[in-house]
Amino acid sequence: MTTELTTLLVEIFVALLILIGAGFTLLGSFGLVRLRDLYERLHTPTKATTLGVGSLLIASAVFFTWREPGVSLHEVLVAVFLFITAPVSAHLIAKAALHQRSPSRSGLPPETLLEKHDGHGAKPRPDAETKQKPSQPG
Amino acid sequence: MTNLPLIVLIPFIGAMLPPWAVMTGRPWSAWVTGGVALAALALTIVPGLSVMQGETLIWQLDWFPALGLSLAFRLDGLALLFVLMILIIGLLVILYARWYLAEQDPMGRFYAYLLLFMGSMLGLVMSENLIQLLMFWELTSISSFLLISYWRQRADARQGARIALAITGGGGLALLGGILLLGEIVGSYDLSAVLAAGKRIHADPLYVPALVLILLGVFTKSAQFPFHFWLPHAMAAPTPVSAYLHSATMVKAGVFLLARLFPALSGSEAWTWIVAPVGLLTLLVGAYNAFFKHDLKGLLAYSTISHLGLITLLFGIGTPLAAVAGVFHIMNHATFKASLFMAAGIIDHEAGTRDMRRLAGLWKFMPQTGLLAMIAAAAMAGVPLLNGFLSKEMFFEKTVYMASFAESFWLLPVLATIAGALAVAYSLRFIHDVFFNGTPTDLPRTPHDPSRWMLVPVEVLVVICIAVGILPSLTFGPLLGIAVGAVLQAPAPDYSLKVWHGFTPALGMSMLALAGGALIYAIRQPLFRWHETLFGRIDARALFEGFERALLWSSRALDQLIHRRSLQFMLMVLISAALVMLARGFWGMPITGSATLLPIDPVSTSAALCLAAGAIGTVVWHRQRWTALVMLSVVGLIIALAFVKLSAPDLALTQLSVEMVTIVLLLLALHFLPKRTPRESSLPRKLRDLLLALLGGGATALLTWAVLTRPYDSISGWMLENSVPGGGGTNVVNVILVDFRGFDTLGEITVLAIAAIGIYMMLRDLRLDVPLTDDQGRPWSSDVNPLILATFSRLLLPLALMVAVFIFLRGHNLPGGGFIAGLIISVALVMQYLANGIAWTKLRLSGELHPLIGLGLLLVTATGLGSWYFGYPFLTSTHGHLHLPVIGDLELASVMLFDLGVMLVVIGITLVILIRLGRIGLVQRRVAIDDSDLKR
Amino acid sequence: MNELPETGLILNLALAVGFLLVTVAVLLSLWRLLIGPDQPDRILALDTLYVNTVALLVLLDIKLASSLYFEAALLIALFGFVGTVALAKFLTRGDIIE
Amino acid sequence: MEALIALSVGLLTACGIYLLLRGRTFPVVLGITLLSYAVNLFLFVMGRLSIGVPAILEPNRTDYADPLPQALVLTAIVIGFGMTAFVVVLALRARADLGNDHVDGREP
Amino acid sequence: MTDLGNHVVIAPILVPLLTGTLLVLLRGSATPLRRTISMLGIQLLLAASLWLLLQVANGDLLVYQLGSWAAPYGIVLVADRLSAAMVMVTSVLALFAMMHAIQGSDRRGRQYHVLFQFLLMGLNGAFLTGDLFNLFVFFEILLIASYGMLLHGGGAARSKAGLHYVVVNLVGSSLFLFAVGTLYGVLGTLNMADLALRVAALPPEEVGLVRAAALLLFVVFALKAALVPLHLWLPGAYSAAGPASVALFAIMTKVGGYSILRVYSLIFGAEAGPLANLVEPWLLVLGLLTIIVGTIGVLASRNLALLVAYLVVISSGSILTAFGLGSQAALSAGLYYSFQSALVTAALFMLTENVARTRGAFADQLRAGPMLPAANLLGGLFLVLALAVAGVPPLSGFIGKVLIIQASLDTPAIAWIMAIVLSTSLLTLMALARAGSTLFFKTDTNAGAATLPDTANLVPVAAVAVISLLYVVFASPIYSYTEAAAAQLLSPADYIEAVLDAETQASDETRLDSKTLIEGETTPDGMALPSHAGGH
Amino acid sequence: MKTLFPHPILSLMLLGLWLLLVNSISPGQILLGALLAWLIPLYTARFWTAQIHIRRPLLLLKLTGTVLVDILTANIAVARLILGPRAHIQPGFIRMPLRVKGNVSVSLLANIITLTPGTLSASLSPDRSELIIHALQGNEPEAIIADIRERYEQPLLDALEQT
């Protein structure tokens, strides 16, 4: 293959990755606006944005490997971070939403279940704190 | 000559002795004090004799030439006259006080103050330098404040002292102004120069202001109308003090100054038209009031005012002969008034009261005192063959002389006669009401003549009154002559000191006054009633108090208005001030410059939109604090993005890290604060704030625009050029931070360290209620550390540490550095706390974090100091390449140690702050619902 | 803008489109952030905004052909997570470090 | 771009000032933070705007952003952080000592 | 090796820094040890300050290039007569404040000694730096340390006052950065000497911007100096702070005054063309207003600490009025006044604590309290200091005020200055007499018993009283010094030349680089290059 | 050996990551990376309380592949849902009892569930016995649970936990 062709192919490849990545990134945010309750909305960024940014990072890796001497793979690190953290973030947000009994279009799980998970009922129980607070050494 | 400063110095040094002497025994303090005065008197003899020969002695030592202040003393006739008065009457008062003071009165303190006053007075009258004179002048005010308030437990003493200090001290300040103007006119504060510059002074436009200011000093000190009212209230002082200060010394300081500056200031219309009327008015007001006072000392006080008015009037008339009369009356008044005060003191001492309505018929009990008082009072009344008669005669003569000048001046002798008559009347009252006028009823004590030594001083003075009255030219004559010469700075005019001048108008006036006085006294009862209805309510002290209250009230009102102790007010003022200054700076100047600008792109516009949304969102939702915090973090993120976009990766990294820590910090704090802000600003207030905010925003926007549209040239070209050769790094920002401007960074981490220390200090014993529910009343989830978070945060820790090392090591050449690395490590560790709790994490973090701060600081400083060893200034860096086998080229720079120190400090302080803050809730779990939160 | 001669038309076009898409994504996330309605919604929107920013930075890196902004992306990824955790924990526990 | 930056600085300042003038500590802290963002941005752009030319020396580049304001802003950010932390904790201290979170220590 | 004398310029910054760092490291150690270290640090500082003062007294300007980087690129420290004197006064004040603090007030809270040392570092750095941004940094150091010291001891009043003080100063710091930023944005440099050169050559279209920045900077300095109306923070803060802290605060308003003097004589001095004498008119008017407002506060105060705080405001107003006159005599007068007022107000603050402690529950409130067993001693000290501060002879304040009035004699402002200075002196004197008479004379028989004051605690107060007298006795040499300092200020060309023409202390060839590090060859150059002010 | 190299796999990972970070495999960097890969786990070991015993590494690798592929499909599925009519979304909460017990495996499973199509682990019971899952198509909870069990939980159990 000629260098021109390589260049073209790499460029097309990178361009594609960029378009896919940007597209999914947008999709993730679009879901935020379009979907109708918090729990639904939680699905899109975790998935779409990780993939979106993942593609972009691959694009970057390919681009810099091609353009500069040596292999450029440090983008992987960002992807690793995102892949580890995004689901945890989503989980914690969902937890917070359930704790607040944030309304869901399909209804929330039974209150008893939520209480079991969260440790409190829908009504405030001011005495709950003292009993359940684990006594930790200072 | 060297005696001159010693005369002044001795009392000051001596003032330290009485408090010591009193420990040996009370009388000792009196003898020591007397010894001090005697020593000063002895020192006066030799120079005094020279002065009597017509010499003027001057002793001078350069002190503060730039100010025109020298230590300079002068002994001429006038000064000698006063020195003798101060010392001799002082001695008599010392003797008198020895017997006067009660057992419980601290005698050492009394004599110390007295000597302090004596020294000040001596310094005043002997000053050759006007600023020095003023210093002594104010010292007399202060020492008299101490003397008047000697009986400090008495409210009237405290108040009297304060009034006296306010009036005389204030006058002193005016005098200071006058003297400074005078010095400006003459070009010197030396008295000799000033006295010789009369013509120049009169011609100068500053003459009148200077004169007025100086006269203010004179009038206040000498209790001239309308400043006279402090004197009666100073009578709360022990009587020896009154005898000393209010007859011969303190109050005479004012007329002394009139005499002293006579050649320089007198002889103008302004002089005559200010001094004479004030003197006349004072003469009359004083005499009038003296008659109506029921208190013996009150009577004497007003009489003093009146006589001081007389002297002032004489100087105001301004002729040489008037000056002679003035000086003569100074001497006479001192003798009879001092003796009268002492007599009054004896009466008070023995009878237990000074109220003439209670006193009567004391002649039977204390004939010696009575006789002495009678003679002295007669002198005061101007009875022939006593000294008071002579000077009063001279005064009457001058008024008649003045009346010949203008048609309307006929009033002058008339008023003088009336004043004379009043003097006769109050003198008569002093004698008759106290010693005769029936028998005493219900006196606190049974009076009798005092101890022998208490009478001696009075006797001495009364003898002088008589001697001068009969043989004026043989007694006071010579001293008067040279004193007048000194006053006029010219040979004294021809005057005759004789008892009998023949039948002159003055004699007629004297006789009229005697007769009139007797008449007035005879009809005193109806006069008292008339006075009571007319002026009974006028009380100078009440006026002064009223003035003081008004002053206090108005200053408190103003204070409330100005100093509201409201942060919002302070900030409003500060921001407004900044705006005014910016506006002033910009006024009339072109805003936009000529530089070429960068185009706008959609990404930046969108980012700006986010920024605006975040900022405005923070404002809009500032009542829902958590939401505001979320909005704020958008702003932080966009700022970081802007830094990235605008070629500042280091800044972006720092901004992101700091932002993160700040948000965590604010969340930690928010837990203990109300989650919502009540609505409490009124609409006008909000509008005002909005206006201020918009103006402020507009101003900074304009400022930014103005700068950005201008081309410029900066020193950073040098930094780009020298970064590699000089600093050994390609990341110029980092090289600036750790090398070119490493000193800033040292300061910056010092700030951080101090902040941490301060925070540590504030968090100790901090007690805050831990909310048991969120702001919606929901109790907290019991899942303290969600498992999934805990698991993954632990996984993240080594990764984050790796990244931190990476960022640290490359900082010198690529974006990064110790600060950012430190923050990453901190955040990674904070993450452990977030996910696993304090107890769990603390177990696993080795050692204490606080020492990191100190160690980091030490490392940074030590790196800086290291360059001293090689003979270079603080913080001089070194760098180089180390060639190692296998590993290859290793770049080393001393600044890495510096950066490591920075990193340690950052880790230390971030963790100390965040963990300490987090622990409040842990340590401090008080089970109570936060009421204030629930209410909202 | 600093045009890089080596990058070709296709790549530039893709970058332009990429920027546009991500920018729209940013604005959409912002919209959600502003309208909420619940607190978890805002955390989610902020988290997404962080991730969008990472995307922007990666695009910028490619556009400028310089990997100087890579660390910023790394930190945003890391800190976005920490922020989300802290905000969410505040909602469930109040005390985020206990 | 310059106008955008100027407007941003202005807006941040305005929002910061408005919050500074509120009566409770927390909004005031937010105001301080916004104001310091404004200041940092302002100080930074005093080195003028430049895109894609960070002050990191590269062999084939002659164009560099002005590094000095960047260094100054770094210092300012760090100091600002220390100050913010201090004032936040002081706000807590004040609330504990004064019983409320009003900046003047009294409920209006 | 090195000659320590070369580093005397930086010593006043490094000594407290190292002492403070050492104290940080000694966390949890016994108080006596901390006190000893702190005191030793101050004595060392005092020695260094004296050394520095002696070095510059002959008119030399010492320039210290940090990191061997020459101005305007690197940061330089510059010691001239003024800065050395400010450092000296700070050290003396520190000594007295520390003497007072170690009698026990340092134990009312924690970290006192650390904060104290860092405050000293900040102050000295502010006085010595020749770089505008570095001045900002040192301002921040001294501010944050002062925040801590203000809050030292805790309590509601301090928390409230602290909150006000901190927030106001944070805004002030923001303004400082706006101003410095603008100056850099237009002039492209940070070194003050270099700024002066560039301002002198400023094209007319840039004048507005630089003037705006300069005036904004003035707001910042005026805030520190407590110039009306920016003084509002001071009374609350100073009256709430513990005396052990506030004694050192007495110098803090002087930092504002110093900065005004430095910046507006050097950068916006006579050579600054349209920007020459930029702030003098403001200073004159606002300084006089400050005196008036301070006097109102003094009259209205209901406790002694607050009253003394307002006295600080008055003295600040007096100094700035003098600076506003701008002449050499006026600057000299202002400096003369400034040095003594720092000491005297500090001593008054210390005395306030002693009085308050003696009076028990009545503290320093101006109302009748218990009979004081040592009324003579306390009252005597109060009297001396009150006279000194009110400007009554024969104490230091008197000469100061006379000098200020004298300097105004041939200016149009004379009437105003004389009227205001003299009448406010009287009102101050009245208020002080009232306060003193209430505190020391007036007794309330139901007030219980007062305790005996700690005489050791009064030693620093008495020392200041004596100094105040000596300050008058030796007025002439002191004034010669301030006059020379003023002359130095008014000829900025010498300063600029000394700073910008100082040889680089290590040129690129002789820099301590890797080679010399390895081979151990160094070529030390002279450090603090003396350059005679009158020379060249 | 255990104390010197508490987590050899982690050390290897870190070395790899270091080389990724510095984008270089020069001897110096390898040495430095090795040093860090040794020191950092040594320090962080105490944070890693749960011991991970990878019994079947290959299975774990296979699971990784599955998950990566599922992420792709998940994205496409989600894209379809978002872009399609919203009525197609029938969300619901599903309660899923867990068979995995270890901290790491539970956490991994929860993450995988979130990353893969249509599901999101919303809450883990404090006793770790069950997950609440939010599913975008929640009308057939049993099918979803069965799918998760088969695709992810079983391999995790086999790879990390003794049954």
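Should a chain be cited, it is by its letter among A, B, C, D, E and F, assigned in written order, with residues numbered from 1 in that chain.
Keep in mind that, in the parts below, a contact is a pair of C-beta atoms (placed from the backbone, for glycine too) under 8 Å apart; a residue touches a chain by one contact, two chains touch by 3 or more.
Model, not experiment: these values are computed from the prediction.
Chains making contact with chain C as well as with chain D: B.
Chain closest to the overall centre, judged by the mean of its C-alpha atoms against the mean of all protein C-alpha atoms: E. Taking the CA centroid of chain B as reference, the farthest chain centroid is that of F.
We define each chain's centre as the mean of its Cα atoms; on that basis chain A and chain D are separated by 30 Å.
The centroid of the Cα atoms in chain A and the matching centroid in chain C are 11 Å apart. Computed centre separation for the pair chain B/chain F is 75 angstrom, with centres defined by C-alpha atoms.
Looking at chain B, residues 565, 567, 571, 575, 599, 601, 629, 645, 649, 670, 700, 703, 707-708, 712, 714-716, 719, 741, 744, 747-748, 751, 754-755, 758, 762, 780-784, 786, 788-789, 792, 796, 799, 803, 814-815, 837-838, 917, 919, 922 sit in touch with two or more other chains.
Under the contact definition stated at the top, the residues of chain E that touch 2 or more other chains are 133, 137, 140, 144, 147, 151, 154, 163-164, 167, 171, 178, 181-182, 184-185, 190. Contact of a single residue of chain F with at least two other chains is seen at positions 17, 21-23, 110-111, 121, 124, 126. Contacts between chains form some other arrangement here, matching none of path, ring, star or all-to-all. Taken pair by pair, the chains that touch are A-B, A-C, A-F, B-C, B-D, B-E, B-F, C-D, D-E. On chain B, the positions that touch chain D within their shared complex are 565-568, 571-572, 575, 595, 597-601, 604-605, 608, 611-612, 615-616, 618-619, 622, 625, 628-629, 632, 635-636, 639, 642-643, 645-651, 654-655, 658, 661-662, 665-666, 669-670, 672-674, 677-678, 680-681, 689-690, 692-694, 696-705, 707-709, 712, 714-716, 719-720, 723-724, 730-733, 736-737, 741, 744-745, 747-749, 751-752, 754-756, 758-759, 762-763, 766-768, 813-815, 819, 909, 913, 917, 920, 932.
Interface residues of chain B facing chain F in the complex, by the touch rule stated above, are 782-783, 786-788, 790-792, 794, 797-799, 801-803, 805-806, 832, 836, 843-844, 846, 884, 886-890.
Listed in rising order, the residues of chain D touching chain E in the complex are 20, 25, 28, 32, 35-36, 38-40, 42-43, 45-48, 68-69, 72, 75-76, 79, 82-83, 86-87, 90-91, 93-94, 96-98, 103-105.
Residues 599, 601-603, 606-607, 609-610, 613, 617, 626-627, 629-631, 633-634, 637, 640-641, 644-645, 649, 652-653, 656-657, 659-660, 663-664, 667-668, 670-671, 770-771, 774, 780-781, 783-784, 789, 793, 796, 800, 803, 807, 814-816, 824, 827, 830-831, 833-835, 837-838, 914-915, 917-919, 921-922 of chain B are the ones that touch chain C when the two sit in their complex. Put simply, chain C touches chain D in their complex at residues 1-2, 64, 66, 68.
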